[in-house]
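Labels run A, B, C and D following the written order; every chain starts at residue 1.
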Amino acid sequence: MTEHFSRRDFLKLASVGAATSAILTGCGPASRYVTREPYIQMPEYTYNGQSTHYATTCRECAAGCGLVVRTMQGRALKVEGNKNHPVNLGKTCVRGQATLHGLYNPDRVQEPAKQSKRGSRDYSNLDWDAAIGVVAEALKNTKPSEMAFLMGMAPDHLFDLVSDLAKAIGAPAPIRFGARGMFEARATLSKATEVLFGQAAMPFFDMSKADLTFSFGANFLETWISPVAFTRGFANMRRGGGHGRGTLVHFESRMSQTASKADMWIPIKPGTEGLVALAIGRIAAEARGGVMPAAFADVGVEAAAKASGVHAEKLDELGKLFASAGAALAIPGGAALGHSNGLETAEAVLALNALVGGLGRAGGMYLTPLAPMQAEYHRPANLKEMAAFVEKLKGGEVKTLFIHGVNPVFELPKSLGFENALKSVPTVISFATFPDETAVQADYVFPDHHSLESWGYQRVAAGSAQSALSGAQPTVSPYYNTRATADVFLAAAALAGGKAAEALSFKDEVEFIQSKIVALVGESDGFFSAPEINTFTAYFQQYGGWWKTVDELSTPSGDALGKAIQVAEAKFAGEGEFYFHPFVSPVLAEAGANKPWLQEVPDPTTTVMWSSWVEIHPETAHELGVDNDDIVLITSEAGAVEAVVYKYPAIRPDTIAMPFGQGHTAYGRYAEGRGANPADLFGEQVNGAGDLAFAGMRVKVEKTGKTYPLSRLESRMGVYGEALGEEH
Amino acid sequence: MTVTTNISLLAVFPDLEPAADAIDRLRTLGVPDDQMNVISGTPVTEAMLGRPRQWTNVPRLALGGALAGMIIGLFLAFATPSLYPIQVGRQGIISGPPTVVVVFEMTMLGLLLSTFLGVFLDSYFPSYRPMHYVPEISDGKFAVFFSCPQEDSEKITKAMTALGAEKVEAAEAQPL
Amino acid sequence: MTTELKISEISANFAEGEQGKWGMAIDMDICTGCQACVAACAMENNVPFVGEADSGYGRSMHWIRTERFWEGEFPEIKMTPYQPVLCQQCGHAPCEPVCPAFATVHSQAEALNLQVYNRCVGTRYCANNCPYQVRSFNWRDYERPEPLPNQLNPDVTVRRRGVMEKCTFCIQRIHRAEDVAKSEGREVADGEFAPACAQACPADAIVFGRIDDPESAVSKMARGARGFHLLEELGTLPAVTYLKGG
Amino acid sequence: MASTATHHDHEQDHIAHLREKHLMLDPLPRGRMNEMVMESMHDTSWKFWVVFGILSVIVAVFLFGAWGYMIANGLGVAGVNRPSYWGIFLVNTVFWIGISHAGTFISAILRVFKAEFRRPFTRAAELMTTFGLVQAGFSIFMHMGRVWLSYWLMPIPNQRGLWPNFHSPLSWDLLAITTYLLSSTMYLFLPLIPDLAMARDRTPDGTWQKTFYRVLALGFRGTEGEWTHLRHAMNIFAFAIIPVMFSVHTIVSWDCAAATRPGWNSTIFGPYFVVGALHSGMGAVAMVLAVVQSRMKHMKYFIRGEHFDALGMLMLLVSMTWAYFFFNDYMVQWYGGDKWTQQLLHFHEAGPLGWMWFAMLIFNVAIPWATLWNKKWRSNPWLLFGVGLLINFGMWFERYIIIPISLTINRMPFTWRMYTPGVEIYLGIGTVAFFILLYMGASRLIPLIPVWEVQEGQMAHSLKKYGRETVVTISELE
């Protein structure tokens, strides 16, 4: 087992690093080399009463936060942030904390299995040799062009491996998708950056040093792109990272968690964010004097005021505020981009930064550096591409589909018909850790390890000013009979032979990872450097990745203000009387519903636990004749869901809002049958960048007469004065 | 010296008056008070019967019990917190008002408990030995027990009957 | 001078030398209500989850909760700043004297309000008398299906039904830090460790340390002009200082 | 002469009327009274056993069954929550302690003040004290999260070296309730000894009842000494148990009043609770007497309109006192203007259970005042039963308002939450059933009428002519 790289060597190497940091130890229980043993034969690196800490990377989202997992006697006890990690500096979000409830969840897929009939949940267990045989068969017997790999937004090492495999055998490149990417409108952001600055990249918003931030729908304190990093930025802004306590102005039709922290919340009419951004730009440009930039030259402030429902005086005030702030920053995101005019909105908002000289200025906007070993910015698939992919599936062009790290049956708009399209695919192999909706529709489930049991790396795409590659290692031995998907592919490729075996001639996952990070050996501007790969790997695991010591933020170039930005009126699909505003649940996000403690964590704005809800303004609810806990039927042009009413006082009366994250039909006992999934309402309307116009919908709301008591932490009596009787 | 053997007699009277008269009569007939006893179904005072004052320890025992209770209360209130001092809510280890409550309750408990037990002690309760008794007294009769010399018994019996005794007979211990 | 005035205002509640030992400052202007503290606390302290029905009926076990209220009417409506409420570790704790079993007592060493689980018989008087309503009671034996118990922190007792519990300021971490410092022959350094909530807080809105050390980060923060104590008028001498938001 | 005769007849009528009205003027031979009391115990119809059986089942299922279920599953099966950590358990505790107060009041305070009407029903009332306290004890133990460790609250030396916390009102409660339970039981037992001796003498040999009475009568014969000790002891008890009784409910009130909660932190809670206790207790005595009088043989002789009349007057007086204290508390809380207290008072009246607040006032004040002023009405057992029942509901509501409803409102509005009772409803019903069951059982075994005390009273009462009027005189026999 060890001629290549033994654990003992590993430890020796690790002890070099131990001098620098006492709490981070370099190696994990190296799942492949260590079998689970009773504690009477305790592995030598565990001591009674002593914790061992392992650095790894959080995979609850793709942000790539560094974690340090406290373990004791082979059990993972607590997730803590990696203080050295440039994304999160020792902090974690609520989902990161609850990772352990995914690891030790009673409903994980415990063994490789074959499903007798899709959706039947009637599994017969296979052993791993048989499972690898199935994958090898699929690799060998499927025409490469009829193979498809659908990957999640994390982890990157597996994506790289699958990409290499696909390239080698001539199969289509793997498609990456994630609901979070869809709601974050990542494609729109990079497209807008490309349009304005000629370079597709993830913008970097230096909120820490800003004096004023205008956020157009960006839910950066919740789930947006890299929430921990943004929260740090926000906190620093509030602490006076610029020139005193920074101000946050948030434009959104509902008061989101981010909006609730804003000094000014502008309940703007959905789809008019771009118009308002342009109007603010024009007013700001006027206030700053000089030549009116072309970008804002054609803007009608009155028209924007009329369309958005924001008073012209208010716009004037905001524009002047933006112009006069020391370091003003404008961030586009979230629902503002989820409209038919989302791309133009993003352009308009980003242009505001250019207007006030915020490009490449402290407290302004930069472009995020590419991760180490990354040639160009890579974004996940947008909805347009996903729709095309689904069409391809429907057309029977795919014979074998490999799915890892994503749950499209749940996450994609139901109207896209992914579940149906799977019927046209003869073989579906899922590598899901959890029996999610997609795994239930697969022929085989070959469970990957949980992220805390896994090796890997993740490229940091946002949130870090330094170029960073976050490293993952097992923190505990695998609890169940699972196997790393990378290892499965490697073994299957070897078995299948041919080009696949040639391209993936690695002994195991670790060797593959080393083959990638070997490029960083000898780099001198890193957080650490090492002369050869084994030492480098030890440090890489010990510190939880590799990142540069200096910021590599680049200043966007190009004349962003040079040509007029046209924001068309947003188009709304459907006939209903309400704008529909879906948002990613700030606590559960897209994949947290299976973790019992996340279910019990109250939503920040509504304090609802264990369910989903629809937010309706109290007056609107009164007009509809519904009250709290009444179930209403919401109908869009594409579908209908039933949801429980939460009378939310901070939402536009013409808008209803619903969190995304619940409404699972599979995914374990804690997720299944809870709440509703707004994706069931989504159509296929996209914006200019191909991202889903998820907020571009009108829906009908009808009373059903049913009720369901929402579990809230807050007191309806104390907070809303319900049941306290008439006032004196 | 002649040896006089005393016998125990009992006379049952229907009412208080004849019983009181009988006691006076017995005294004149030479039966001393300490050789007499009256049992009744209702409480009658010594004064009503014209008998010397009864001695009872109950009030003294009660006071003693109260004192003991108070000492226990003081122990609980003052000693136990010092045996294992624990700070709560910035109150002293021993603080005033609560000790008043504890001492009061324990004093009262001691008082009442010893009063109760005092009755037992003074009355030799419980005693299930056979004793001189006539069940009729619980129907409101008054029974006078007395001891007199054998030779006087006839005389006294007559006197008692004359005073209205329903029966005069040798007192026999019977099981209670 | 003004700063000094403020200091006296804040510390006016405390008699000389009575400000406790460990303290916390929570900046409500920075707290984003993200609930990371809630989850971190639950994971560190083996806090059970209770399920939908019980959590909606005021039986959730959260040791820390984020409160928020509303002010005004749409569109001028504002949410009051998020306020994480946890045990305030009162210097003059109303919960302590009312326990007949000495299950909630004041630690002389740490100047904290301790809950002794194995001494608790469940009269729930302490919770009634807690003005902050931060105590949670084990109404049931809460189910943790296998293998969830693997995650339980061995440093923290798992509570059974009928026992009161509450935030401990992660006393197991305090002790660990003190032990380490002692073994190295030094004092615990400011910021050397933090309770789970402060450690997780992405905004660093929660700061923990020695309030009896005027130079510690928490003391400096608590002295600020925005500092106040929750229900200050009750004179409970909380060890948690909130910094006004907005 | 004719007029003299008429006058004489009139006087005879008057005397007959007085005798009919007053038990004390209507003496029967002691033997007859003993017989009546014994018969009242032995005269048991099948209906009694049916009721007894049903109640036994209720006690077994609702009280012990449900309690066992709750112990096994935790208090989650009850309705207690945050912020109403105390629910019906403590409502019932306070309620039952309240019920128990009437017995002491009647047998101690009325004895001290020589209120002669007390004589036939002191025991009936004292039994309520003891049995009520048993229910209160049950309720308080049910309330505990880990009842199996309740002995930790007792001040007994233990291997942990730890004593209870005497700073806690709950510790005081424990001492006070224990003291009260012990002393009221002793106070019940002392005057019972002569009656047990009577029952012993009238029970045939060889029956288990004989053994029962023999053992309990302790060998009492009725000697001068025994009577003297008993009399002294009863005198001491009569005086000393009064402060104990006051202390018990005052301490119970401190459970609330000592807390830092709006609406609770009130200095008047002590007397307010004591009077409230008497209010419900008197009502319960009236109810028990009405049932005893109508259901038990010969009881119409012992318990008469005069007793209900006197009880009714007491109830009216207590109702007025209660109203006075209630208003006093309300006024001060209302005037104080503390925002949480204001909110709480408003919640009492206008909250979802506002009806309870109004029902409390109607049952505790309006109805007693509207009915009990009338001598004829209040002499009617069943009317008094009804009023007593309503007062008991009213007083239960009062405790419900003070405990779970007031707990709903605190200084952290984010946590306000209504309390919905769960299994504690059944447990409460179980305690009621158990109380009745104990009482029914006792009525078969214990002479409910203290015959010797009645006879003593009858001996002391006589008629005397003052001028043309024949009046009752009472001689001081003690």
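As a working rule, contacts are C-beta pairs under 8 Å (C-beta built on N, C-alpha and C of every residue); 3 or more make two chains touch, one makes a residue touch a chain.
Just so we're clear, the structure is a prediction, and the values are computed from it rather than from any experiment.
Novice: Of the chain pairs C-D and A-D, which one is connected by the greater count of C-beta contacts?
Specialist: Here the pair linked by more C-beta pairs in contact is C-D.
Novice: Measuring centre to centre, with centres taken as mean CA positions, what chain is farthest from subunit B?
Specialist: Chain A.
Novice: Distance from the CA centroid of subunit A to that of subunit B, rounded to the nearest Å?
Specialist: Centre separation, subunit A to subunit B: 90 Å.
Novice: Measuring centre to centre with CA averages, how many angstrom lie between subunit C and subunit D?
Specialist: 45
Novice: If you average the Cα atoms of subunit A and of subunit D to get two centres, how far apart are those centres in Å?
Specialist: 67
Novice: I'd like to verify one number: the distance from the centre of subunit A to the centre of subunit C, where each centre is the average of its C-alpha atoms, in whole angstrom.
Specialist: Roughly 31 Å, centre to centre.
Novice: Using the touch definition from the top, which residues of subunit A touch two or more other chains?
Specialist: Each of 713-714, 719 in subunit A touches at least two other chains.
Novice: Identify all positions of subunit C at which a residue touches two or more other chains, and write them in rising order.
Specialist: 57, 65, 67, 69, 94, 97-99, 102
Novice: I need the residues of subunit B touching at least two other chains; which ones are they?
Specialist: Within subunit B, the residues that touch at least two other chains are 86, 88-89, 91.
Novice: Classify the chain contact graph as line, ring, star, complete or other.
Specialist: other
Novice: All pairs of touching chains, please: list them by chain label.
Specialist: In this structure, the chains touch in these pairs: A-C, A-D, B-C, B-D, C-D.
Novice: Using the touch rule from the top, collect the residues of subunit A that touch subunit C in their complex.
Specialist: 72, 75-81, 88, 90-98, 100-101, 103-106, 221-222, 227-228, 231-232, 234-235, 238-239, 245, 255, 257-258, 260-261, 263, 265, 267, 479, 586-587, 596-602, 604-605, 607, 609-611, 617, 649-653, 674, 709-714, 719-720
Novice: Using the touch rule from the top, collect the residues of subunit D that touch subunit B in their complex.
Specialist: On the subunit D side, the touching residues are 29-31, 34, 155, 161-167, 171-172, 175-176, 178-179, 182-183, 186-187, 189-190, 194, 197-198, 200-202, 214-215, 217-233, 236-237, 240-241, 243-244, 247, 251, 452, 455-456, 459, 477-478.
Novice: For the complex, give me every residue of subunit C touching subunit B.
Specialist: 91-99, 102, 104-106, 108, 237
Novice: Could you pull out which subunit C residues touch subunit A in their complex?
Specialist: 29-30, 32-36, 38-40, 42-44, 49-53, 55-57, 60, 62, 65-70, 73-75, 77-79, 82, 145-154, 196, 199-205, 246
Novice: Under the touch definition given earlier, write down the residues of subunit D that touch subunit C in their complex.
Specialist: Interface residues on subunit D, with respect to subunit C: 73-77, 80-86, 143-147, 149-150, 152-153, 162, 164-165, 167-171, 174, 255, 258-261, 407, 410-415, 417, 420.
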